[in-house]
Every structure is written in structure tokens, then in C-alpha cells.
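Have a look at the structure below before the remarks.
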Amino acid sequence: MSQNGTPKPHALRTAQPSDNMNNGFFGQDIISVRQFSPEKLTYIFGVADEMETLVRRFGSADMLSGKVLANLFYEPSTRTASSFMAAMVRLGGRVIPINEVHYSSVSKGESLPDTIRTLECYADIIVLRHPEVGAAQIAADYAAKPIINAGDGIGEHPTQALLDLYTIRKELGRLDGLKVAMVGDLKYGRTVHSLTRLLSRYNTEFYFVSPPILRLPEDMVAEVKARGLKAVEVEDVHEVISDVDVLYVTRVQKERFSDLALYDQVKDYYTVDPELMKMAKPKMALMHPLPRVGEISYAVDQDPRAAYFRQMENGMFIRMALLAAVLGKA
Amino acid sequence: MSQNGTPKPHALRTAQPSDNMNNGFFGQDIISVRQFSPEKLTYIFGVADEMETLVRRFGSADMLSGKVLANLFYEPSTRTASSFMAAMVRLGGRVIPINEVHYSSVSKGESLPDTIRTLECYADIIVLRHPEVGAAQIAADYAAKPIINAGDGIGEHPTQALLDLYTIRKELGRLDGLKVAMVGDLKYGRTVHSLTRLLSRYNTEFYFVSPPILRLPEDMVAEVKARGLKAVEVEDVHEVISDVDVLYVTRVQKERFSDLALYDQVKDYYTVDPELMKMAKPKMALMHPLPRVGEISYAVDQDPRAAYFRQMENGMFIRMALLAAVLGKA
Amino acid sequence: MSQNGTPKPHALRTAQPSDNMNNGFFGQDIISVRQFSPEKLTYIFGVADEMETLVRRFGSADMLSGKVLANLFYEPSTRTASSFMAAMVRLGGRVIPINEVHYSSVSKGESLPDTIRTLECYADIIVLRHPEVGAAQIAADYAAKPIINAGDGIGEHPTQALLDLYTIRKELGRLDGLKVAMVGDLKYGRTVHSLTRLLSRYNTEFYFVSPPILRLPEDMVAEVKARGLKAVEVEDVHEVISDVDVLYVTRVQKERFSDLALYDQVKDYYTVDPELMKMAKPKMALMHPLPRVGEISYAVDQDPRAAYFRQMENGMFIRMALLAAVLGKA
């Protein structure tokens, strides 16, 4: 949906129901977690619950039969790409996977807006992963069809943040009044930033656990505090492990470092193992956006508090809910 | 369909209706624009019109359900590959995308005929993009199943030529008696060659606008003149802009130049901008096969005469029409 | 299906019929030819026959509609990947192709078990091609959903062996008492090893034809002889050509050689041409797993005994049978 009001007469457009349809999701772009009011979150989480029931009972539905999704990934991301593909086909839709953008017309010098305007000639919705911050908004500015941001560099990755929040709600039964520790790379960790923003709307107590060079950006700490929320920065996860309801661990992303010596210093800073989990509450959620490279030992996988694979599954349900809502079928 | 009459007993073949079915398209290969008589063009354009109606009303159909297309791209081409994929799935068919041929059995030394004969064991129709002239005909010689040429080097790209012609007809309401300027790389531009050939059957006046080193090959100019058509070669687009019904602009393709100094000389030779469009007729079509890299400025996109994104959409309708016709369901 | 008994509570699991369903295939992993008793082979071959009928009559079915296959290829293999994709979509299922694993989370350091446990959150079954021996079993140990081994290095490639055996049965009408020559790279040739193992259960006479440096591993020769079967090793295919019912030719795989000088010595050791075929029995089967790079001349393709393209087609029918059986729908 164009953000600048310019009509895009070239794209296929069928008659559109009222914008109030599907709680306002119909035809909308999904660019940022900032778009999600508590009411919208509640709505999407409810639809995601229904999607889980649907998948467990029937495997799939034909709700989006006749609809085509262009899955446009400028960066590789097996996990996110597969999750969107599965979400679309489980709703009966079709997917055009476009993964090799480095070989394609882009390498012939085409701009993102032209690529997007071409793909919307073929597809009903576009999922975009792009290495540059702001790419999803640019795409949405030019596209008449809805765009879903599947990650734009160190910018936003709203579906990840939604699935994280949805997982917390499912694991702990509530969102208000939780103590949440974010652990690992808080400086570059996009998922941490988006989830922190979403959790700031609830009465959350934050613990930000990181090595000094990977601390949460100051403006984000200030943003949290400005909402009157507790935000404690510590270096040692042992200081907080016994208090928290959620331990959200992230990988230190090698690809974000230009100085690999710095990376080597911090890459093995934290390892969640059974010893550490002994200190944790009996009811808590250990989360990780995956992939992990050592932050959580395999020995923890059988722990019932290890929620990271359930988190993956929830990602598919959330994406099914968003696709259905945006395409007017939820 | 074998061109040399050799039966291919290894391939799946179901009972075939008369060859007259679908105006002779059933089971045929689509290799060259030379195959298209005016009657066949009229037939395919009519089916494409119906496909547009179908997509705008229902999104998709199940006309080709049960059919499988192998989308075999030896060269990257996001646009063409996506367009064929969308066309197939909007007709209810399934697609096996094969994009990474450089990694595959080809890199183990397999010949094109063997790859084709393998894929026709799995699929009902094969779309082939290949860097070498003549590859599509070789594939058709060996295959029992229909082959659609999606571009073979500087050879042919018949579906592009068809969608270009279809777009001209839709934009201007007729094909006869038009003044058409081809602009840019006329030497290597495959789309220009094929479209020129198709337009030569109508009473077209041609203007070939290019830098001296990228002029239309002499034999093509001769071919046009031999049909008694006007063919004017100029260097400056200003000389023709106010006269033409169609301005067909092409990108200078870097990948066709072995001497990059020559490329740099000509790459920015033409830029269509709002100033130039002021001189154009109020009813005309500005076309481009895309991707563009500067030949048409973004400021022109909102001009109602800018037809290039509609051209993309028409590509899907034309490919839907061809797939349906060749598979006997149009 | 977990081999170590550990329940995997994170994965989607619907109510499961008795394990006797589908002759014991339901929910099982397909890792090795060793899993296939003669009864199971007979069952799968019978289902494959039905799949051929289905494809020839209707093109496809909707038996697996609602099911999703993750086609996870860590190594390129156009042929095997396409065959599984075609098999799944001809049964009405959907495919998530994951071919570019070198770009994906694996390159971020993710382990195979984590990748598998992620994909089983989205898919109902996983087909895995991996360069390392044992990878498929590792995947099966961690996955709650069924894994099909599509080749693990020089380990196993069970669906290839099944399609080879199925082809022999179709071409010659029986499996017992055949004289079978294996020709080419018998040292590294995974397909030769698996097929030899399967044929050892029938009263087969083996001829192993190879250059000295590519002989069948001694333990495999011993395994065959231990079953009381004839196993003759020769260098010259002329010694056996007139006796055999099956001539199974393989490519010398460049990628298995670290010393390319050795490769050059043996790569052109054998060429099956019309001259050689004149010495063969009038009823016999010339087979090759393809791709070929010169071991069989193109002039042989029209020979009715040339079974290699029929072999390809049989691969799709066998894979359809396995997918249907494992997913409980055969």
C-alpha cells in the first residue's frame, strides 16, 4: 500500500472491502512493530491460535487458494524464508521463491522499486528480506500490493518480534508484569530491539545482559526508562537468572563485526547450560531466535523450559495469521 | 515435440487430441516468433484477454491442475522466471524451479539433451532459458514434451516479443499502420529483433535510433525494407519523438560487451525524461522490456503513456495463454 | 522418527494409526536399503506400479493435499531434487525447496540437528541430501517427523537403489537368477554399492567390471560371496557383455578424486557404443543412474535395451510410492 498516496494504476487490484475488515489489516503493509496496537496484537494472536488448531487437525486449508506470494530474499535466511513458504502453502496459496537475487536483474543494476513493481504484477503479496535498513518501507512506498518486512538489515524484523511476543504469552500465560532478560548481542541484535519495543507496552522489568561492547544502544535504554519501566544493565547472567520469567538469548552475529578480533573476544561470552538452568525458576521460558552457535548447549534441549523450537513453530502460525489477515481472509 | 520425427518412447505421453485443437498449439513447442501466423497471434491475444479477466475476477483457475512445469533457467532472469511461475500457478499447475544449473548435473558435465530428457520424465512442459543461440531448438529436437523458449542467448525470446506486441495492441487499439521507434542497443537487443520481425507483418513504419556502434544488423534492416516497409536509421531520438506511436527503449546490456570501454561510451546515450515526453504525442506508448538502468527516468513513471509496468503484467497473461494452449486447455 | 526414543514434544504430530499401516512404512524414516525386506520391496513396487497408472491417466492426485515436504539439499542434485519435487506435487502435496544451504543459516554455523528440528516445525516430511556419510541417520535421530535419505556422501542413496531394482524388475520381468554386470567406478559408486546389496538377496550372478584402481571394496566382494553368490571381477567389459541380463554403467565421479591425474587415467575407460551392444543379448537392460559424461554413446539411446530414461521415470514413481506410504496414504 503506497505510503505517499500515489496511486499505482499498473498493478492488479480487485475490489476492496472496508479498511476495517480484519481489524484494519486488510491490504496493509507490515513494516514495523510500531504498527501494532495492543488490540491488533490480541487480534493476530487469536488468529494464530486458530491457525495452530487448523494445522494440527487438518494440516492445511484452502483459505488463500488462488493467491500468490512472492518470497523475495536479497539475503539468505533459510528459516524465515521456509517459514513464510510453509505458512502460505498451508493456507492453500502459492509461492514464487526468489532467492538468488545476486544473480538476477538486480545484478543488471535494477532498483528495488522496479523489482517490486515488477513482482506485484505477478503476485498478490510480497515478503521482502533486504540487507539495508528502510528497504521494506521503500518497497511499500512504491508497491500497490501489500509488503511484509521479513527483516531489513539492522532495522526491523516485525514478524520475528510478533512470534517472540506470542511465544512468551503462550509459555507464561500472560504478558503483563514479566521479568525479561535479554542476553548476548544487544547492540546489533535486531530481534532484541523489536521485542524490547513491544514488551515496553506491558509492565515489563528488563534486564539487559551483555559484554560492555555489545550493550543496548543508549537511546533504547532511555526509551524504556521514559516509559517508567525498570531497565537494569548487567554483564553477568548469573546475577539475574534466578529472577527472570524469560531468558531471551541471542547469537553474537559475526557478520555485523568489521573487526573480527572484537568478535572473537565476545563470541563465547555466554553459554546457557544445565548448571545455569538449575538456578532458573521452575516456570520460565528459555528463548532464542536461532540459529544458535553455542549460546545454549544441546544438553538443555530436553528441559521443558527450553522454548526455542516451539518458538519456531509459533513463527509459522503468526505468519499464517498475518498472511490471512492482510489478504482479507482471516 | 520432436522436430526430427524420432519418437521418444521413454517420456510420459497421454492420448492426444487432434493437432487442430487450440488452433494448432496443442503439444507444440514455442521456439520462435516465426511460428506465429497472424491467426495464431489473434488467437493467443484473445486467450490472454480472457486470462486477464480470470485473474482480475478470481485470482486463479484450476485449468492446469495436475500439470507440472519444469522452469529450467541456465541463466538468471528473475523477471521471466517469476512470470512463468506465476502464470503456471495461477492456472492451478505446479512448478519445479531449476535455477541453479551451474551447481547441478550440468557441472558434472551433462549435456542439454540429457537434462531435458530427464526433466520430461517428471514434468509435462519445460520452459528453458539458456545462454546459447539455438539451445531451445536442440531441446525441442530431443524432447517429446513441449518446450517453451524463454530466451536463448542473443537468439530468440518469443514470449517477450508476443507480450510486446500484445501490449502495443492494448495500448493503441490496433497493430496496423503504426510508427514505431526502437531505441538503444539495436545490435545485441534480442527483444528488438523479435519485435521488429513481428511488427514487419503489419504496415509498420520503423525508426531505428541508436549510437553508430549499436545499429540494427544490416540484414535485419534489409529484411524490413524487403517487405516494402519504411526503415529510418537515426542517432538522435529528438528527431523522431514527436512522430511515433510507440517508443520502445532498451537497455544497453553490459554483459554483451567484451570491451568495457565501448560500453562506457554508449551506456548513457539516451535518457527518456519528462522533457522528452513533452514532445511526444498525447496518445502513444512508452515501452521497455526492463530492467532499466537509466534509459527512462523515474519521473516518467506517472505519465499515463508509460506502459512498461502494464507490459510486465501482460507478460503473465500471454504466458498463461501459451501454457494453456500448449497443454490443450485453452 | 527418533531412533533413540527421545520424544520430540516441539514438533507437530497428529494422531497416528497403527504402525502396521502401509506395511509398516507409516511415519518411518527411509535411511538405508537395509530396511527393505523382500515383502517391503514387493509392497513399494506394487504402489509404484499404481503411481505410474495414476500419472499416465490423470497426471496427478490429491492424496497428499495438505502435506508439506521440505526438500533440503546441502549438495546440488538437480535430478534427485526435481524427482522428489515432482513426486510430491503429483500427489497434491507442497514442496519447500531449500537448495542454497551454503548461503543460509548453516553458513552462520548452525548444526544439522537444529536445521532439521526447525524444518520439521514447518513441514510434514524432510528429504535430505548431505555430503557426509551418516547425516541422514543423525537427522532421523533428532527429528520427530520422517526423514528420507536422498544421498549422504559415499554412504547410502536408498531411493536410487530402489528405483534401480524396480527398473530391473520391469525391464526383465523378474529379479531372481539374473546375471548383472556393474561397470565403471565401483570403488566410490554409491549406487553400485546399494544396488549390489539389494540384488544380493536374489539369486544374482555378479560381474564387477572396473579399472584396477576403482575395484569394488573388498568387504563388499566378501559380503556377496558370503551369501554364496558368484562374484567375478574383470577389467574388460567385452568378457561379460554377451552373458549379462543387466549392464549397469556408472560415471567416474571427478568430485571423488583428490588426485586429478588418477581421474584422467580412468575417466574414459569404458564406452558403451552400438558395436558393443551388438554383442549383448537381445533381451537385456542397459542402465545408468545418469548423468553420463561419455560412458554410453548417444548412438545407443534409440536401442530398445537402453533403459536409462525409463529408469529416471521409474524414480518418480518409486518416490511417489515412498512419500505416500510414509505419510500414511498409500
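As written, the chains take the letters A, B and C, and residue 1 is the first residue of each chain.
FYI, a residue touches a chain if its C-beta (ideal position, glycine included) is under 8 Å from a C-beta of that chain, and two chains touch if they have at least 3 such contacts.
Predicted model only: the values in this text are computed from it and were never measured.
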item	value
Angle, in degrees to the nearest 5, of the Cα rotation that carries subunit A onto subunit B	120
Fraction-based call for subunit C against subunit A, same above half, different below	different
Where subunit A and subunit C are represented by their mean Cα positions, the distance between them in whole Å	39
Sites on subunit C at which at least two other chains make contact	97, 100
Partner subunit B, residues of subunit A touching it in the complex	6, 9-12, 14, 65-68, 70, 94, 96-98, 100-101, 103-110, 113-115, 117-119, 121-124
Residue ranges of subunit B in contact with subunit A within the complex	55-60, 76-79, 82-83, 85-86, 89-90, 97, 99-100, 251, 253-255, 290-293, 298, 302, 304, 309-310, 312-313, 315-316
